[in-house]
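Some structures to go through are shown next.
Next, two complexes with chain A in common: one pairs it with chain B, the other with chain C.
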Partner chain A sequence: MNELTEGRPGQRLLMMGNQAIARGALEAGVSVAAGYPGTPSSEIIENLAGVAAAAGIYVEWSVNEKVAAEVAAAASFAGLRSLCVMKQNGVNVASDFLLHLAGGGTRGGMVLVPCDDPGALSSINEGESRHFARLLEIPLLEPGDFQEAKDMIKWAFELSEQIGNLVMVRSVTRLSHASGNVELGPMPDFRPKARFRHTGFILDPRQGAVSSAPVAYKHDLQQQKLEKAQDAFENALFNTYTGPENPELLVITASACNLYCREAIEILGLSDRAGLLKLATTWPLPNNLVGRYLEKTGRVLIVEEVIPFLEENIKILAAELALEIGAKTIHAKRDKTLPSVGEMHPDHVIAALAKIFDLSYEAVSADYTEKAGLCVLAGAPGRDLTFCPGCPHRASYWILHNVLALDNREGFVCGDIGCYSLGMRETGYFSLKTMHAMGSGTGLASGFGKLGPFGMDQSIVAVSGDSTFFHAVMPALVNAVHYNADITLVVFDNSGTAMTGFQPHPGLETDAMGQSAPAVDIEAVCRALGAQTTVCDPFEMDQTRDILLEKVSGKNGVQVVIMRRACALSPARRGRPEYEMYLDPQICIGENCGCNKLCTRVFKCPGLNWDDQNRCARIDEVICAGCGVCASVCPAGAITRKKRT
Partner chain B sequence: MQVLGPGDLHREVLETGLCVGCGACIHLCPYFHTWQGKTAMVFSCNRQKGRCHAFCPKTEVDLDALSRLAGLGEYSGDPLGAYQQIFAARAGDAAVRGDFQDGGTVSALIGYALETGRIDAAVLTGKKGLMPEPALVTRVRDVAGYAGSGYAAAPTLAALNQGVNQGYQQMGVVGTPCQMTAVALMRENPMADENFSDPVALTIGLFCTWALDARGLMAFMEKRLPGEEIRKIRIPPPPAEILVAETRNHAVEIALDEIRDLVLQGCGLCPDMTAEWADVSVGAMEQNPGYNTLVVRTEKGRQLTADAAAAGYLEVWDLPQSGRGCLERAAAVKKRRAFGRAVETGRVNSEKIGPAVLRVNARALEKMTAGPGGAHE
Partner chain C sequence: MAADAKLPGDPYNLVITGVGGQGNVLASRVLGNIFTQQGYRVTIGETFGASQRGGSVMSHLRISETGTWSPRMPRGRAHVIISLEPTEALRVLADYGNPEVILLCNTRPVHSIAVISGQARYPQQDQLRQWIGDLSARAWFLEATRAAMEMGNPIFANIMMIGALAAADILPVDKDSFKAAVSQIMPEDKVAANCLAFDRGGQMLLKKEPGP
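Now for the complex of A and B:
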C-alpha cells in the first residue's frame, strides 16, 4: 500500500518533508507535476511519480528546470492544477520563463516549489530562491514544520487560483529531508477537464491569449494580484505568534528556523520575555500584521537562512511605520548578531539571544572546536570522497589524466555538477579545473577553444554527464561546433542499462512514471550537430586512451567522445561482478622501482588494499565490484581477471 | 654517480626543459611516458631513488666514471674521445639497400650483426611522417626500413627498455651521443639490482651536433610546406648553413637560423659530438656525400667492422688526414661550447647533483675549455 495516496483523512503519519509536500499536492488535486532532479528536492517528484498511475496524474522529470516550468504552466493554462519542483539553482535556469509567466498570469492553480540548500550540504552554492519571489513579483510561502509543508501546498493552490498567478512555496534541506508527524486531509474526487481557452478577447485573463504583453497593463495587473495576496496574508492562520503580550524581544522567523528559535527560547527559559512571530507568508509581508507585533516592543531579532531577505523587508516596513510605532533596534545578520553564510543552527540562535539578554549561557564551550578536532583525528581515519569501486568515472578520469599528461601542454578539463565533479579531487586525479552550473563546462570550453589566436596552446576538454548533456550542454555544443572551437567533449554516459531506480532522463527508454519512452540517442545528437563523435568504453583503457589522445592533440574543431559504461550501482551491474579478480603477490612489484604501489597509492579503487605485512597489494573481495579495470592498471601483470559465467 | 628519484628528475630535467627525450626513462614503470616526442611524468611515483633518474643522461654525467667503465682510466678530454681507427665507409653490396641517410654504414653493420647472431634484436628509430618512432627489429630484411635519420630527437631507448621487458639479452643499439651515454649508465647497473644482466651486445653511435624538438619541427614544416610529405631531411656540410627538406618532387632549402629555436635546450650542455661511449660511431663525411665517417672505438667494434668488410657488407677506406682534422675541430668546438655554458651556470663538478651537471678531472677540463668559444676565452 502506498500511504501517499491511501492514507485516510485524520490519520497521523511520520512523513519526510518532501513526502508531505507531495501529499499536499495530491490533496489539492494536482494533475501535472514536473521537475528536474536535484538535492534536496528530488523526493517530491519521485513520490508523485510512484503514485502517478494510482492517482491519475501526469508526472515527468523534464529535461531541465525551464522546461519543467513550461510543462507545468501548460497544465495551468488548460485549467489544471500543476506543481513545479526544483532545487534552488534550478530557479535560475527557469527564471527567464518564470518572469514572463508571472507577467501574464496563470489559470489552474500553479505552485512552484524550490528546495534551498543552506550550507550547501549537497550543492556547490547556497543561492536563495526567495529573492526570485520578489524579482518575479509573486507570493512566497515558507512552511515552518511538516504539517505546514502539506497544508500550505494546498493553500498555495487555492491562493494561486484566487489571484490568477504563480505562487512559490520554498522549502529547505532540513524541512525537505527531515521527518515529522503529519495529519492527513481528504483527497479530492473531482478532476477538471483540460482545455486551453484562447478564443475570447485578447486581454481576457481566462479566455484570451496568455502573454505578459502589453507590459504596462499586465504589470499593473500583476501588482494588483500581489496586493490581493498580501490582503489574504493579513489573516493567514499560518502566521503565528507565541509569547507574552508585551515581549522584551520580538523574534521574527520563518521556515526551518522556526524550529531552532522555539528550541533556543525554551532552552534559555525565555518564553515569558521573548515572543516568537513565525511568518509563513514572507513576501509580500502582511504589513498590518507585522506592524502590530513590531509595535509591542523596541527590540527585534530576525532569524532566517541564508542572506538577509526577511531582515531587509522588515526593516523597510519598520522605516515606513517609524512615526507610528517608534524606532526599533533590529538584530539580525547585517549587525553580525547572526552569520549570513551557512545553515542556521539552534546554537547560533542561543548565542544571539544570550547576547541580547546578557545571559551567560555558553551554547558551545570555548574549546569545543579544538576537542572536536582531536576526536576526529583520533577516531576516524582520514578519508577523502571517492568514486565507488567499479565506477566508470574513475576509469574515465584515469584515462583523461593520462591523456592530458602525455599531450603535455598543460591541458585541462572543464566540468560542472554531477558525480563526476569529484574529478576536482584525488579520486578523479585532480583533472577537473573548472566547475560551475550545469552545462557550463562545455560553454567555458567553447570559449577557451577560441583563444588560440591569443597564444593559448593548451588542450581543452569538457566533461558532461548524460543527464547534463540534455539539460544544458546541447546549446553550448552547438555554439562550439558553429564557431569551430578546438575542444574535446567527453560525455560520461553511465546510463546504458541503468533503468528504473535511477532518475530517468531523455536518453533512457523509461520515463519518471516507469512507462516506456523513446530514448534520445546522445551519439546521434552529437553527429547531427556536426561534431566528430566516437563511442568508447572507459574500461578498455588502452584503446580508449589512444583514441582520446588523437582527439585531444589534433586541432580539428569539436570532437565528442562518449564514454559508455553503466554506473556501478545500476541495477544491471549491481551485485553482478563481471570478473573474478586475482592478484599474484609473487608477481606484484610493490614498493620497488617499476611500480611503487600504483594501484593502491594512485589509482585508488577502494577494492584494492596495501598489505603492509607482506608488502604487496591485495584485492578486498568484499568491496571489489569485479570491474576488471585494475588488471590494465598494474604494470607488472600481477592482477589478472577471469570472466564470470 | 649518485642516484635520486623521479621527483628530482621531473623537477630538474623535465620542468627545466633540459630533457632531450632520449627514452631512457620510458617503459621502466607506469610513470614516465613519451608521446609525440615529449616525455611526461603522468603521476608522481614518490620513490627516493629510481632507474629513471639513474639512466637519464641529463641528471649528471661523470665523464671520468664513464671512461673508467670503458676500461680507459681518467677521461682524456680529446675531441673525438678514445678510438682505434677512423675510416671512410659505406654499405657494401651484400647489405640490403635502403634510403640511407649517408653511406648506409649503420644499416649495414646492424644488418650484419643480426645476420651473424651477434645481436638478438636491434634498437632502431623509424619515422611516422616527421615524428620519430622507436622500434625493436629482429629481422635483417627489416633493417633497411629504418634507414635515414630525421634530426628530430627520438625516444629510441624506450625500445631498449621494452626489449629488456620482452627478455632480449643481446641487443644492438643505434643512437645519438646522449643516448649512448644513457646506455652506458644503464649497463653499469646503478640500482645494484641482483637480477641484472647486461642486455646490450653492441652500440653504434651517431654523430650529433644538436637535435630538434619533434613537435616544433612538425609544426614548422606544416607551416612552411603545408600538406606536403617530407621524405628526407639533410644537412649539407658547412659552410652551407642550411637544412634541406626533400619532398616527392622538390627539395626546399631552409636557413639553419630559421630553425635555431627548435634546437633542444639540453643539447647546448652536451659535450659529446661523436658518441664516445659507443663501440663504433658513424657520421656523415663532409667532403664526400654518400659516404660515412666511421670511428672504431672498442675491440668489439673493430672485430665487427673487419668481419663486415670481409663479408662484403661494408666498404672501408682510410680517412684522409684532412677529414680527421675537420672532425676534430668540430668536436672540440662542441665540447668548448658545452663546458663553457656549464661552467657559466655552475654545473661543472658542482656540489649539488643535477640537472646537467658534468663531472670531469681538472686536466681534461682545462684541455676542453681552452680556445675560442670556451670559458677561458
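Now for the complex of A and C:
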C-alpha cells in the first residue's frame, strides 16, 4: 500500500516532513511537480514521482533548479497547480527566473518549497532561502510541525491563487528529515484541463502575455498582491500563541524552533511566565497581530536559525510601533543571547531562557558530564567521512593523486558539490583544492587555464559528477573550449545522482516516474563541444592512470576523461560483490614491507583493517563490498581477488 | 511488556545510534510505527545525508501521550540508548546519557578511517564495556552482528536489537506490534526473516545478565 495516495482522510500516520509536504501537495490537487535533488529536499519529489501514475500527475527531476522553476511555472501559466522543490542553494540557481516570475505573477497556484540546512548537515553552506522571499516580494510560510508541513502546503496553493503570485513554503532539515504524526485530509477528485490563455489584452493577468514588464506597473501590482497576503496573514490560524495573558517574556519563533522553544519552556517550568508566539507567516509579517503581542510585555526573545531574519523584521516593526506600544528589550542573535551560526537546539533555548529569568539549570551532574567526556576522549575515535567501500571515487582519486604526483608540477583539482567533495579530505587523498557551487570546479579550471602567460605552470584538473555535468558544468566547459584553456576535466560518471539517493538525470534511460527516456550521452556532448574525450574505468587502475597522465601532462587545450563505474550503492551493484577478496597473511609482511601499510595507512578503504595482533592487513567481511580495487594497490600482491559467479 | 501498558516516562526518549549503513534509520522507523499504531505521538529526529559515508548516524525517538516533541532531544534526557556500535554508545552517553539510562549495545566494532590508518586506536572491548557500564544504570552487550551473520546478513543486527529491547521489558513493544509495523514498511517476503531476527535478539538478551 502506498500511504501517500491511499491513506484515508482522518487516518494518523508517522510521516517524514518531506512525505507530509508531498501529501499536502496531493491533497491540494497538484498537477505538476519539478525539482533538482538536494538534501534535505529530495524525498518530496521522490515521493510524488512514486505515485505519479496513480495520482495522474507529472513529476520530473529537472536538469537544474532554474529549469525546474520554469517547468513548474509553465503548468501554472496553463492554469494547473504546480510545486517546485529544491535545497537552499537551488534558490540561488533559480533566482534569476524567480525574480522575473514574481514580477509577472502566476495563474494556477504555484508553490516553491526550498529546504534549508541550518548547521550544514548535508551541505557546504548554511545559506538561507528566507531572504529570497523578501527579495522576490512573495509571501513566506514556515510550518512549525509535521501536521502543518502538510496543511500549510494546501493553504499555500489557495493563497497563491488568491493573490496571483508565487508562494514560498520554507522547510528545514529538522522538519524535512524528521518524522512525526500527521492526520490525513481528503484527496481531490477533479483534474483541471491545461490551457495557456494568451489572446486577451496584453496586460490582462488571466488572458494576456506573461511578463514582469512594464516594470513600474507590474511591480506596483506585485506589491498590492503582497499586501493582500499580509491581510490574510492577520487572521491565519497557523499563527498561534500559548502562554499567560501578560507574559514576563514573549518568545517569538517559527519553523522547527517552535518545537525547541516549547520543550525549553516546559523543562524550565516557565509556562506561567513566558508566552510563545509561533509565527507561520514570516514574510511579510502580520503587523497588527505581532504588534498586539508585543504590546503585552516589555521583554522579547526571538528564536530562529542562522541569520537574524525574523529579528530584523520584528525590530523594524517594534520601532515603527514604539510610540504606541513602548520600547522593548529584544534578546536574540544581535545581542549574542543566541548563537548566529549553526543549528538551533532545545539546549540553546534553555540556556537563553535560564539567563533571562536568572535560573540555574544543569541537565546532568557536572561529575557525570566530566566522566563521559573523558571516556569519549579516550575511547571514541573520531569518524571522518569516507567514501563507501567499493566506491569508484576512491579509485578515481587514488589515480588522480598518483597522476598529479607523477606529473610533478604541483597540480591540483578543482571541484564542487557531490560525494566527490570528500576529495578534499583524507578519503580523497586531499586532492581537491577548491570546492564551491555546482559546476564551479570547471569554471575555475577554465580561469586557471588562462594564467599561463602570468607564469602559472601547474597542471589543472576539474572534476564533476554526471548529474552535475548536466546541471552546471556544460556552460563552463563551453567556455574552456572556446578560450582554449589548458585543463583536464574528469567526469566521475557513477550512473545516477548518488549523493542524494540515486535520482535519475538526463544521462540515464529512465526518468523520475520510472518511464523510459532518451539518454543524453556525456561523451557525445563533450566531443560535440570540441573537447578531446576518453572514457575509462577507474577500477582498471594501471591503464586509467596511464591515460590520465598523458592527458594531464600534455598541453593541448581541453581534455575530458570520463571515469565510468556505477556507484557501490546503486541498485545495479548493491549487495552484489563482483569479487571474493583474499588476503594472504603469509605474503603481507606489514610494517616490514617497504610499503609501510600502504593499504590501510594511505589507501584507507573501510573494508580493510589492520590486525594489531597478527601485524598484517585483514579484510573485514562485514564491510568489504568486493570491488577488487585493493588487489591493485598492494605492492606485495598479498591481496587477491576471485570473480564471483 | 504488553502493548497497552503505560510509558515509564513522557516523553519517553530513545536514541538509536550507529554508523552509516547499519540500518539505523529503518530501526527508528519500525519503532516509530509500533508506537504510532498504539496511539502514541511519535517524533523522530534523524541525522543522515552525508553521514552515510562512514559517519556516526543517530536517531532520536520521542514517544508521548500528549503531543509532538522536539526532534532534537535536550541534553541528558535519554531513557534508553540502543547502540549498533560500541564507541558510538560512548558518544551518545556524553551528550544524552544520565545515571538512570538503560543501554543495549551491539559489540561489533566498526573502525573509522582514523583507526584503520593508525592515527587513532580503537579501545579494548573490556575497557569499552567498563566505561559504558559506569555511565549507565543497566547495560546489555549483545553480539548481534555475529548472530545476524549466522542468519546470512549482518544487516539484521538492527532488528535483533529491537527484539532485545522488547525482551528487556521496559517499553510496550511485543512481537505482534513489531510484525504489524514491519509489514507496513517492508515487502511481504521480508517479514518472516525480520520476525526471526526479532526473536533471536530477544533470546540473546534473555540469556544474558546486564553488565560487562
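By our rule, the second predicted complex is superposed on the first by the 619 of 645 C-alpha atoms of A that agree within 3 Å, B and C clash if a C-alpha of one lies under 4 Å from a C-alpha of the other, contacts with A are read in each partner's own complex, and residues count from 1 in each chain.
Just so we're on the same page, a residue touches a chain if its C-beta (ideal position, glycine included) is under 8 Å from a C-beta of that chain, and two chains touch if they have at least 3 such contacts.
It should be emphasised that the depicted structure is a prediction, and the values quoted were computed from it without experimental measurement.
Engineer: I want to verify the contact counts: of chain B and chain C, which reaches more residues of chain A?
Structural biologist: C
Engineer: Look at A:623 in the shared chain and tell me whether it touches chain B only, chain C only, both, or neither; answer first, second, both or neither.
Structural biologist: A:623: touches chain C, not chain B.
Engineer: After superposition on the shared chain, which partner residues are touched by A:408: those of chain B (first), chain C (second), both, or neither?
Structural biologist: first
Engineer: With both complexes overlaid on chain A, does A:601 touch chain B (first), chain C (second), both or neither?
Structural biologist: Both partners.
Engineer: In the superposed arrangement, which partner chain does A:635 touch: chain B (first), chain C (second), both, or neither?
Structural biologist: First partner only, chain B.
Engineer: Classify the contacts of A:582 with the two partner chains as first (chain B alone), second (chain C alone), both, or neither.
Structural biologist: Neither: A:582 stays clear of chain B and chain C.
Engineer: In the superposed arrangement, which partner chain does A:39 touch: chain B (first), chain C (second), both, or neither?
Structural biologist: The second partner, chain C, only.
Engineer: For A:422, using the defined touch cut-off, is the partner it touches chain B, chain C, both, or neither? Pick first, second, both or neither.
Structural biologist: Second partner only.
Engineer: So chain A touches chain B in one structure and chain C in the other; where do those two contact lists coincide?
Structural biologist: Residues common to the chain A contacts of chain C and of chain B are 601-602, listed in rising order.
Engineer: Provide the residue numbers of chain A that touch chain C in the complex, in ascending order.
Structural biologist: 12-14, 39-40, 121-122, 145-147, 173-175, 177-181, 256, 259-260, 262-264, 267, 343, 345-347, 350, 363-365, 368-369, 371-373, 375-376, 378-388, 419, 422, 426-427, 499, 597, 600-602, 604, 606, 608-610, 620, 622-623
Engineer: Using the touch definition up top, name the residues of chain B that touch chain A in the complex.
Structural biologist: Per the touch definition, chain B meets chain A at residues 28-30, 33, 35-36, 38, 40-43, 45-47, 49-51, 191.
Engineer: Please output the residues of chain A touching chain B within their complex, sorted ascending.
Structural biologist: 401-402, 405-408, 429, 549, 553, 591, 593-596, 598, 601-602, 633, 635
Engineer: For the complex, which residues does chain C have touching chain A?
Structural biologist: Chain C residues touching chain A: 19, 21, 29, 32-33, 36, 41-56, 68-77, 87-88, 90-91, 93-94, 97-99, 108, 110-118, 120-123, 127-128, 131, 134-135, 145, 149, 154.
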